[in-house]
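Input: structures, listed below.
Same chain, two partners: chain A is paired with chain B first, then with chain C.
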Partner chain A sequence: MALKKGHLVALLLLEITVMAVRPPSVHAVQFSRERDVTWDSIVRETRSFFANVFLGGVDEDGDGTLSNGERANSSLLRSASVAAVLVGVTCGLLGCFITLRRMAMFGDMLGHAVLPGIAVGYILVGSKSTPALLLGALGAGLLAAALTKTICSWSRVKEDAALGISLSFFYALGSWLLFWITRDPALRTEASGLDEYLFGNPAVINPPDLWALGLAAAVVLGIVSIGFKEFLVCTFDQGFAASIGLNRGKADTTLLVLLTVVIVVSIKVLGVVLVAAALTIPPATAYLLTDRLKRLCLVSAAIGALSGFGGTYLSAVLYIGTGPAIVCLAFGLLLVVFVVSPRHGILSRILRHRSLALRTARENILAAAFRICEREKRSEATSVGVTLENIAAARNESVEATRAIARKLRGSGWALLRDDRLVLTVEGEERARRVVRTHRLWELFLSQEARLPPDHVHPGAEEIEHYMTDEALEELEKFLNHPRTDPHGRAIPDSKPRTGREQREADA
Partner chain B sequence: MIQYPLEIHDLTVSYNRKPVLWNIDLAVPEGVVVGIVGPNGAGKSTLLKAVMNLLRFSSGWVKIYGKPISEQRGLVGYVPQREEVDWDFPITVRDLVLMGRYGRLGLFRRPRREDHEIVERALEKVGMGSFADRQIGNLSGGQQQRIFLARALAQESRVYLMDEPFAGVDATTEKAIVDLLIEMRNEKRTVLVVNHDLQASREYFDYLLLINRRLVAFGPTEEVFTEELLRKTYGGHLTILSRAAEAIGESRGRS
Partner chain C sequence: MNSAAELWFDWSLDTWPVFMAVLVALSTSLLGGVFLLRRAALLGDAVSHSVLPGIAAGLLLSGLVHPTGGEEAFGVSRNMLYVLGGALVAGILSTTMIEALSRYSRIKPDTALGAVFPAFFAVGVILIEVAASGAHLDADCVFYGSLELIAEFHQTVPTLVATVFVAVFLLVALKEILLSSFDPGLARTLGLRVRLVDNALIVLLTATVVCAFEAVGAILVIAFLIIPPATAYLLADRFHRVLLLSALLGVTSAVLGCWLTILLGSAGFETARAPSMAVVAGLLFLLVFLLAPERGVLARYRRQRALSRRILDENLLGAIYRLHPTQTAGASADPVAVSLDQTADILRYPLPELRHSLARGVKRGEVVDHGDGRVSLTAEGTSRIERILRAHRLWESYMIQELGARPDHVHDTADVIEHYLQPSLVEELDSTLRRPTKDPHGKEIPK
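Our next item is the complex of A and B:
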């Protein structure tokens, strides 16, 4: 991955571990009092989750109507799911630009840095009014961003250190203020639930929160789609962007303000410590799947939505915290994509590598057979064949090893194995001729152009003989002025076998 | 009064108050290809960036056809060094070249068919038409340079500033760039090219701009490419000096 997220992912895992050892009541969604997860409970909770989210409620007491409590439970689950999906989409979309600008750590810093703002908002207003807390958080976020930039531009401290400083200082400040609130008799009466911001809990999402989330999602979607090409240029090539009159500072500021707003509205769902995950994991996953920015944005938003909804479901069914469930699910998706992605996954990389290794092994053995025939001045590689024993001796390996590779030639259409003899087909001979030809031309090139002594040129040629394209080979031959022999004095085979007459003429 | 495509008056540019370019005065006539030549750290790229107003300068002014660059952005195309962007970025060759149209489109407007046609033509011109749908990272260095040039072509500017387009490119690309420069000159466009290779500079450019922090000389290549001026430009750099001498000797021997 080109996005440098290794340390961020490690940090997130650490934070999830820290949260896991806390009593679950602090952050778990309290949809149910039961704690034992069994197959039955999973089935029951699944049915109830989908009925609650999509059908308006579950008639738990079986009286035929939905009581107020049952309705409330349903609307709670529904707003939790909607909130988680909105967070996933918004963060997933914005996260694409953040990660491509290598601002992922900046997102993590902002996530932590909004905490004192929430506390100050609460202290000033005296209640958990959503606008007050969000405005406080916004202020703190922008202040932290300004602090980071100031440290960077007015001292020799580098950006990563400046980010660490802002993150820890603002988080410490926020923890201190929260601690102070819970100790102060006048303040603490209304304060219960403030630590939902610390760890996130979509179960406490109220209508104003949802409005804020929806508004933020609309604003991000609007600005990103209107200014898509401007964001694209400013992210990709800042020098060029400035040269066509785009104000890079303006784009950066827009991105920064959007980022702060999105983080502020997202922390009630994910918590200050996990919000960075929503900004980095879905974009990273999408980055492994596509090579186009528009698709990257769409795929990332979809993955964000999927992990938001799936995480809420998992937390309801498995009785675990929603934030951790969302993040772990997103990470699981990333892991799957990391393995199976068609172009950038490790599985396809391994397969490519193996097919290359197979081709190399096949070509080596064909070339060995070709060389033996050449040495013995016979042309029956295609009729009688060469014994595996001879090939093994030439390749300095055991007959078994040679036989193992020779078996891999089956199905290639290049050679047959008959009575422990390798019989090349016409295509196989052509292939072998080309490999040997490339090898010797390259040796000549190395000794002439790189002025390597003859005993140095073999290893390089052994590599390149499997990779050279037709055009490169042609160019190389032209460059070397159509040579006849390699540095060891051996003839360089023509691209096509000579006819009998040509051969006689050449011999004469 | 003649309006020069590019006129620079008493330009001084500083990094952290340390001047890197001193009192540059320059008036480039229309329809010439200018090579900007000088040792490492002479301020060649800085000069281009200052002209594009990507750097703030301490004194002086720059005018494009008689007006400040902020009013003439549409007339100037800038080709940054290839190393300045992330080639893993998720865009295709076509997307990158389309960026050349963004300056004319302005905010809120989407590229129209005409813009797409210009992009296709630019790609064909640099011989990259068949690569349009590739991700930009899957290209050789020379191909990457060519799509940078295609983007500049799509800008349809009158003045071009190119930062080291010849650096690390293959022979095909070098030829493609030279052909392009000739075509641009025939169309009365004005091109400034930062270049390292002295011998190539002598062959490719109508005018040479020799700088080393200060402007050493500016004029038609045959007048400026002299041992004395090159010695002045490259100052105590002995190896470069000897290379320059070699280049002069070689070209004298040939002609």
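Our next item is the complex of A and C:
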């Protein structure tokens, strides 16, 4: 039974109808935000954010000095932004190698998989002591990575599915334990705040967390700069890496361990889901901007830092969560770069495409004018010109279309438009001559060397006449032994117009 | 301690949660099987995160359009319409964006996946925060699900319908899905609309994920989308069998998970159902991963061990044969024993393991243990080792004559391959080489 669009529509309609009769278990939304975002509030919060982060506090009660509360407020915001920037730099840097090695989804998996480790750390120690939670998370992360690798190498389950298995299994274990912790009367006394690890919140970063972050950043920076060349080779040329005695497995394992460490320390800032974004979005953005690995690392780290700081600012100003704000900002940057990146962006791609199309259209008209003059044995393309009707007829298109393109030719310095006649300049004539020359040489090549019948060679030549480089053209002519005529018997024009004497000699 | 009957279901309380769990498991593991076999297992991960902003936006919108609340005349909740619509839009938008990023720029598909869905999730979290006061989309619901809240049949109807649709779609379009998954090129030449199948699957996935969202939470959906299909994939080869088995495994882990929760709850260890179900699914996977009859780790390990034992046994026979003083005399009818220590020297192998190998040889009747550390071959042992020797020398000859290898380079390869050559292949070699009697080293090739 063939699948038809009608089936799909019917399916959807029925599904929606049934959905409609579903009783509401999620209540309707009432708009009652505690704080409204207005222009004034944005200005006020911006001022207070920067004063808090850079000046040590805001004098809110206006008594001329900073009270303890105001200082504490400032140091909270300061450590939050430092943490966000550190996470951005570290994840951005490491993420370059991770995404290039196609391990992007490992970050996502590890982000979820550290959860049971955090729970076990809490259960064992009985408090939210940073080292215990971090060590537990590290253990769980490494275990999950090992499980993924084992599943891949010992069964036919593919890597993506293996990642999904480790992710959901570990995550389920973690949420199982967390659920128990938050319900168990003996355990839950200290547990409030454990869910910061789910969504992430830089505002609850304490000095040990900050130390751990700084240490992880230093380790990543150190290892990446010491082993930069090795990582580079292992990433791009595994065969070469093996031949100079580098062990790719070792490089991958190092990356994986570093990744686990970074995720473990970042998770309190960004939460289990969003930490993957910090590892993928800045490197992807940088990848659209640069080609060299070193620059990629620098740009990616810079973007990470920028979105970390900017996200913290946005969250303070717009009263939204910091982790989501960081990720949204980074993703917004990615989208902008995706569109406007000078070399790899969509816009430049479209522009390139259009300029190519325009050049092709212009060259076609020039070549048509050249061919008409040649056929009528006139040499006045550059003096009297060719009527647009003639060109349109030769190109088999409407006069309007030809005229539209001819108008665009005026700015190029290749031709003038005089009384509906296209008059080629000297450069324009040279250009047209080159296009026709390329066309006919290629036709000859196709029929002589590729043994295509003469009536099959035109379409290919029509394409390539706009692309051939000077060197290739010269080589082609040499290869064909400086031919004079194409397979249709037409003369192949020389690269320069002949002088009167040469012409007479050729005619003789 | 409760009685066994009470550890099972309290039917009045547990029927509908269990029913719901089974439905969710059924729909997700069926659909997950398709995505697993299309090598897009993590698409479920992406979609299940990406629907969050759609759900939040749907709630926000319905709050704006119907400020008095979601309930309307005819007892219809417009909320769910908005939620489903928003989720579908978000799910399709995110998959489109992943595709656009990887198609129109140099970003790799997996990076695009990893970049898009957390971003969608972040937007969702912000939207929920903006709408926080009314919408009880709290952490518990997103992360643990709320199976416990299902109390009546009509709460399960949407999921029931989604499940039926998944099943019907798979039944109706199984061939089309199969073809477009494994050979999109052929599917296109046959006039099949591959894009339509792809899109239909994405739409179904989104709808299923939205239905499962409330029951098991945003993230545990992935467990049911991936783990049962992967388990089935280790047990079966055919497309429909993988799907059936996956559905069976999904339902089994749902029921066992619910039961486990009740069991643990009665023991004072309170847990949520959805995580328990996922944990059970994961444990089932690990069990199959270790014990599957053909592809399990244990089966593989045993196959490997059997192989390495066979190779050792054959090498031992070879060593005894070579040490045999009578070999050159050709009087193998009355073999003279050689010392086991000497074979250990030749094979460079620890003696204790050789003794095990010897015991196996004796048991098979290929070797005789004279008891004083001296061993000899029986007629069976001799004929077996001569077969292997024949394969070895024929292979050496083949490599030198046909492949142009140097005579001093062929031994190591032949030493490995002698254990694997089938009798028919040996015969083939023999006739290719025109039945030689001596190998290029001048040694005799046994018949």
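The working rule: the second predicted complex is superposed on the first by the 474 of 508 C-alpha atoms of A that agree within 3 Å, B and C clash if a C-alpha of one lies under 4 Å from a C-alpha of the other, contacts with A are read in each partner's own complex, and residues count from 1 in each chain.
Operating definition for what follows: contacts are C-beta pairs under 8 Å (C-beta built on N, C-alpha and C of every residue); 3 or more make two chains touch, one makes a residue touch a chain.
Keep in mind that what you see is a predicted model, and the values were worked out from it rather than measured.
Look at A:V384: by the touch rule set out above, it reaches neither chain B nor chain C.
Contact with chain C, but none with chain B, is seen for A:I165 once the two complexes are overlaid on the shared chain.
Contact with neither chain B nor chain C is seen for A:L356 once the two complexes are overlaid on the shared chain.
In the superposition on chain A, A:F240 makes contact with chain B only, not with chain C. In the superposed pair of complexes, A:A450 makes contact with neither chain B nor chain C. Look at A:G227: by the touch rule set out above, it reaches chain B but stays clear of chain C. With both structures placed on the common chain, the touch criterion links A:Y287 to chain B and to chain C.
The larger set of touched chain A residues comes from C, when the choice is between chain B and chain C.
In the superposition on chain A, the residues of chain A touched by chain B in one structure and by chain C in the other are 2, 287. Chain B contributes residues 49, 52-54, 70, 73, 76-78, 80, 84-86, 88-92, 95-96, 99, 102-103, 105, 107-108, 135, 151, 155 to its touches with chain A in the complex. Of all residues in chain A, those touching chain C in their complex are 1-3, 5, 7-8, 11-12, 14-16, 18-34, 99, 102, 104-105, 107-108, 112, 151, 154-158, 160-165, 167-169, 171-173, 175-176, 179-180, 183-184, 195, 198-199, 273-274, 276-277, 279-281, 283-284, 287-288, 320-321, 323-328, 330-331, 334, 338, 341, 344-346, 349. Here chain A touches chain B in the complex through residues 2, 100, 226-227, 229-230, 232-233, 235-240, 242-246, 287, 290-293, 295-296, going by the rule given at the top. Taken together, the chain C residues at the contact with chain A in this complex read 36, 39-42, 44-45, 49, 59-60, 62-64, 66-67, 69-71, 75-81, 83-85, 101, 104-108, 110-116, 118-119, 121-123, 125-126, 129-137, 139, 143-144, 146, 149, 154-155, 157-158, 161-162, 165, 169, 172-173, 176, 192-193, 196-197, 199-200, 203-204, 207, 214, 217, 219-220, 222-223, 225-227, 229-230, 233-234, 269-272, 274-279, 281-282, 285, 289, 295, 297, 300.
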